[in-house]
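Note that the chains are named A, B, C and D in the order they appear, and that numbering of residues resets to 1 at the start of each chain.
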Amino acid sequence: MPGYNHLFIPGPTNVPDSLRRAVDLPMEDMRAPDFPEFTLPLFEDLKKVFQTETGQVFLFPGSGTGGWEAAITNTLSPGDKVLASRFGQFSNLWVDLCQRHGLEVEAIDVPWGEGVPVTRYAEALAADTEHRIKAVLVCHNETATGVTSDVAAVRAALDSVGHPAMLYVDGVSSIASIDFRMDEWGVDVAVSGSQKGFMLPTGLAIVCVSQKALEARKSAKLNRCYFDFEDMIRTNASGYFPYTPATTLLRGLRASVDYLLGEGLDNVFARHHRMAEGVRQAVNAWGLKLCAATPHWYSDTVSAIYVPEGIDSAAVVRHAYYRYNLSLGAGLTKVAGKVFRIGHLGAINEVMVLSALAGTEMVLRDVGIPVEAGSGVAAAQEHFRATATGEQSIAAAAQ
Amino acid sequence: MPGYNHLFIPGPTNVPDSLRRAVDLPMEDMRAPDFPEFTLPLFEDLKKVFQTETGQVFLFPGSGTGGWEAAITNTLSPGDKVLASRFGQFSNLWVDLCQRHGLEVEAIDVPWGEGVPVTRYAEALAADTEHRIKAVLVCHNETATGVTSDVAAVRAALDSVGHPAMLYVDGVSSIASIDFRMDEWGVDVAVSGSQKGFMLPTGLAIVCVSQKALEARKSAKLNRCYFDFEDMIRTNASGYFPYTPATTLLRGLRASVDYLLGEGLDNVFARHHRMAEGVRQAVNAWGLKLCAATPHWYSDTVSAIYVPEGIDSAAVVRHAYYRYNLSLGAGLTKVAGKVFRIGHLGAINEVMVLSALAGTEMVLRDVGIPVEAGSGVAAAQEHFRATATGEQSIAAAAQ
Amino acid sequence: MPGYNHLFIPGPTNVPDSLRRAVDLPMEDMRAPDFPEFTLPLFEDLKKVFQTETGQVFLFPGSGTGGWEAAITNTLSPGDKVLASRFGQFSNLWVDLCQRHGLEVEAIDVPWGEGVPVTRYAEALAADTEHRIKAVLVCHNETATGVTSDVAAVRAALDSVGHPAMLYVDGVSSIASIDFRMDEWGVDVAVSGSQKGFMLPTGLAIVCVSQKALEARKSAKLNRCYFDFEDMIRTNASGYFPYTPATTLLRGLRASVDYLLGEGLDNVFARHHRMAEGVRQAVNAWGLKLCAATPHWYSDTVSAIYVPEGIDSAAVVRHAYYRYNLSLGAGLTKVAGKVFRIGHLGAINEVMVLSALAGTEMVLRDVGIPVEAGSGVAAAQEHFRATATGEQSIAAAAQ
Amino acid sequence: MPGYNHLFIPGPTNVPDSLRRAVDLPMEDMRAPDFPEFTLPLFEDLKKVFQTETGQVFLFPGSGTGGWEAAITNTLSPGDKVLASRFGQFSNLWVDLCQRHGLEVEAIDVPWGEGVPVTRYAEALAADTEHRIKAVLVCHNETATGVTSDVAAVRAALDSVGHPAMLYVDGVSSIASIDFRMDEWGVDVAVSGSQKGFMLPTGLAIVCVSQKALEARKSAKLNRCYFDFEDMIRTNASGYFPYTPATTLLRGLRASVDYLLGEGLDNVFARHHRMAEGVRQAVNAWGLKLCAATPHWYSDTVSAIYVPEGIDSAAVVRHAYYRYNLSLGAGLTKVAGKVFRIGHLGAINEVMVLSALAGTEMVLRDVGIPVEAGSGVAAAQEHFRATATGEQSIAAAAQ
């Protein structure tokens, strides 16, 4: 099909050209004597993206799911109790992963469209006077529903009752896009991947671990080898890896971190918020409803949008792909057929968002949803115009 | 600036990813014994793009301007008379080139916004009973104004008076995008370049020459060496070149020709027309006016759009670039400050066009032109929806 | 440092340009409706590389170590007994991985330089009349020592006593380079990775599993989730994956399989043997000794070469890298400082091998090892000349 | 054919990976408001490569031949007298180009294997008391024969008789590889191309012009348009071009200049000399003879090597290509069948040179030339070892 594919799924995201070239490399010797000159500063700078000074970052060839597994198996023992909540495909899967590894999960089910139930977490923690709960899980951004949870509030809940459980965050679709503060929020294990906010091809699980969680590994009895922190700690110390690392992605990660720190994390977060708000203005103009129940839960990286009764959202996604070369996210499991998703994270700008909206409008009308042509685009345009930052002003353009 | 640049100038065009990779090659020996196995079929297949069976294609490292020079210097002699017309930057420049090479140009000036004045050509040819006119120049698509001329009508004018002059066509921004028929229209020299309809980086002048024009080279006395057909004919015959060719672009051209013939030339032309019509619907919805005077002149590869009095179109272009990472074409020379241009040629699809329109709308409103937000996008959307072809239908999507 | 790096480690290997371009792609939607049109034939064709008709191939974002883990955790239960042997870094690590996952490993230690001790395996199997041994491990090609073991002989040992244990093969540095016959040899689980014979960047664990081993997963009780076959089987059936796959590597794998099947597996194996023999001729000419104890153990993908007493092989590798931009493999653990390694696998040809040898000769002389300048190169040259195949003959060249 | 092609022709040269990526770009708007921020410093820095402070550099989409044409047509008038010499394919072609453009060329024929005959130039200039000679042509490095001429000596010859003729240098295969001093040697026009010492794909003619030659353009009457300096001067002044430039190559040129200045021009020249000397040591060890008549003429970028009587050098080149994937340069015109050529310029290092020599040795033996296996490689190795620079020392490696 002529022209490029318009990719607006919630990851993998559009790889910026500079990062794409940074990955397009010949192979190199991962045991070269000067390899550490590359890796050691990379490990250091990655910590800035997690906003931590005391944590340690691990890089595994893998995906976010592998990151979850690394987080769990390195720090917990069979039968350990975990507090979690389920409100979407990915929060469900993480609970499932814990169970398969023999953990006892207290999983609070919450309606899809809401996020981590802080009050109920607080109650559960308060009730756990024996401190049987070893880990508290937070899916920072539930990709299936477009819901962002409040990690800081969970930390506050833990602190308010002086509970010593460790705090685990799935930040796969938030970190490097939505504000995430490892140290300030007292996060013990944060999991991300290369293909979302880091804007790289899939293939790296990126895990950041607090000193407390690192200490916990010493008594953690879950089986592990591939994802073992111990091997990584020993070899990373001198800039190497326990087995063959994905060098091209590591080089890309260097470029990614430079890209993120170059733009400035605060600017990155503000940009994501502004892009997301444009999408939400459009959804509102269309008269459609977000899966996220209230603005409290709105995600700045992905919006899940309900289609009216009688419409199959899967047909929306399929039609978008085949007729307009537009890739949207499908509804998953419980909301399959009910929502479609627009991913708006990574290297994204105003006109990219508008293209997603303009294409989606055609699709919605094609499948019989009565949205007004151009309405969503117009709403987003006005938002973008009203919030354009000074440095991109007409004055600057008038030079 | 995050996200990609939105490139909607009338060339260079967006290089499809498959072509980009086809160009991203190590160097190779252009004198390798099997090099002709690559080049000879390429020369043959290129003829299909020009819709010729009897012509011969030449490939020079250069640009379209070099192609013009090759066309002229290989077939004409100092003092030869040329019939031409001027109605934009590029038709002007070609006349200028002829004059610098010592030709006598009868240049008919036409208002910018119109194209080749066929009736006046016919009159001039009829008046030239001594057949002093050796060459008739047609700028098939004037990129500066978005005007397409009627090559077939010029051929008819020549034939109606039995004039033997050769017919030269500047097809830089038409060939491989707008229907062009070398043989049927009796074109003697057609000039194109790699960076427009061929969807490649700049760097190849592509010239197709009839047997009549090839014969003319034998008596043509204009100086030439770099662009000499003779050297090319001699070496191309065995699949080689007289000097180092741009092998990466040649390999890319192979992919380009496969791309074009794979889609089917008729489909390529129909797609360009449909995309262009979407842009024109938007311009109409904005209440703006095209530089092209009447639908007769509308170009399917580029639209030049007047801004209202009191607005500087250069500011539109500059603002689009700095604020929205959107590259539009500026107005050139006579229409500088008065028009901006949207290029809609090459590897382009509906959502790409909509992104150009959506971005442009923001810009127009930012600079104070009272277009309605979303109006142009909506008009184009409805056009695209109404004209979607069957094979991309919902039925197909419903599989 | 000017000029390219000469990479002759035993993986990652030199990525052929066509595969490099096949990997250099924009992101795509791994849930696109036509994604299975790509993945399903890929799964099928991969089986040809493993020479199996009945096995099933799994593709994990990961490395070979992850493939080992997948093999073990999906098919075995805590406390299961495994028969293995240790004769190098990688055979050691696999044993270690089994132990960490709670298996009881009967590990036979063999001098480094030899491979799987078939007779002792046969004895152990014969002695195991209760069939407590559930798995027999074979490191097909020990990368640390350049030793290839005889998988067929292990199969014969199993069969001779009618032992039902499953046969596991680490084929990371053999498959797609050295003859490997899944079905004929009755292999139950074979592990490989993208960065060796498949000639791609690191990042895919490639595991092929027999029906018997697939059946075994149903009672296997080791914890697993990321590397779970079950999730893969369920989603792969329709052409999808349980979590985000590394799409760029998958596309590259398509090109890799086409490359391998296009050359013909037998030709690939013969080429590797011929290249390896050239290296061995050179080592002999240098008067040095291979780590592989006898020709029986010679590896066709990597040669580990002893340096004389008093020389530090690590200095050889470091000097090669810094002075000549030549990457050789270092000696690992037990043979650290004693051997250096030349990788000769993947997309490799005669002149590439000669460049490795020519560079190595300089290094050896620089560090004071009395090899004759040009001697190894000459020996390899004569081997290559003598074994050049007919289709590349002077006659052909004389066309 | 597996493995990469070994490219040792005298251009195009091996593109370093960093430059290859620098060229692998999406298209961009060559009229963007910030384009001059890229181009203006590039023009400045290019002057450093030509070692000029007062000259001006022009960049044309084209090849070196186009650069010759630009040099001539911008500065001379029909019938102007030019002093030149012919001693190889390229020096011949430049004379031919001058003649085709209507110049009167006094061409001194010299045996192939020698270079510019300075004494005879001096005589001709002394005899030209009326200063009819307007231009003196020097082919700095004759690629066909591997001969480098003495530009400084020609300048001295001009100065010794106070002759005002302009000095033109074909530096296509010398500049950025062999010392070239525009200002110190009083060169008026120097011509190069992207695909040799600049290590980029073919496609840019790079021409550097003195103020004296720029002044000459005002009275130069040869026809020109595509290669006109005037249009370039006018548009380059503000950072733009008169027609679509090859933006990807311009971006690559930025990387190339950074590469060259980063290594340091003196180091670049020294490296080329050292590599070339390695090749010459090998030729000597083989008992073969260079086309270059005496060491005075030896080229540091290409060596043309005679094959013994009775051997067809074209068969050598063909055999190298088909059997060993090794691309050598063929003998051209007068020395066709008699010499083959090894290009050793651009991004080249010791092991690359050795690979060329090792491959060539096999070829020579295959075709029946009695060179000793390994002899040439050994000679070059010893040269490289003996001349290795301190900063690459074992001491450094021993860190």
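As a convention for this text, contacts are C-beta pairs under 8 Å (C-beta built on N, C-alpha and C of every residue); 3 or more make two chains touch, one makes a residue touch a chain.
For reference, the UniProt names are A, B, C, D = Aminotransferase class V-fold PLP-dependent enzyme.
Keep in mind the model is a prediction, meaning the values are calculated, not measured.
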Most remote chain, CA-based centroid, reference being chain D: A
Recurring contact interface, reference C-D, options B-C, A-B or A-C [over half identical by residue number]: A-B
Centre distance in Å when chain A and chain B are each reduced to the mean of their C-alpha atoms: 45
Centre-to-centre distance between chain D and chain B (centres being mean Cα positions), rounded to whole Å: 35
Averaged-CA centre spacing for the pair chain D and chain A, given as whole angstrom: 53
Per-residue overlap in chain A, given as positions that touch at least 2 other chains: 4, 14, 17, 24, 26, 33, 318, 321-322, 397, 399
Residues of chain C that touch chain D when the two form their complex: 1-4, 6, 14, 16-17, 263, 268, 271, 315, 318-319, 321-326, 347-352, 354-355, 357-359, 361-362, 365-367, 372-379, 381-382, 384-385, 388, 392-394, 396-399
Touching residues on chain D, where the partner in the complex is chain A: 17, 21, 24-26, 33, 399
Partner chain C, residues of chain A touching it in the complex: 4-5, 7, 9, 11-15, 20, 23-24, 26-34, 60-66, 68-69, 73, 96-97, 100-102, 193, 195, 201-203, 222-228, 242-249, 318, 321-322, 327, 329-330
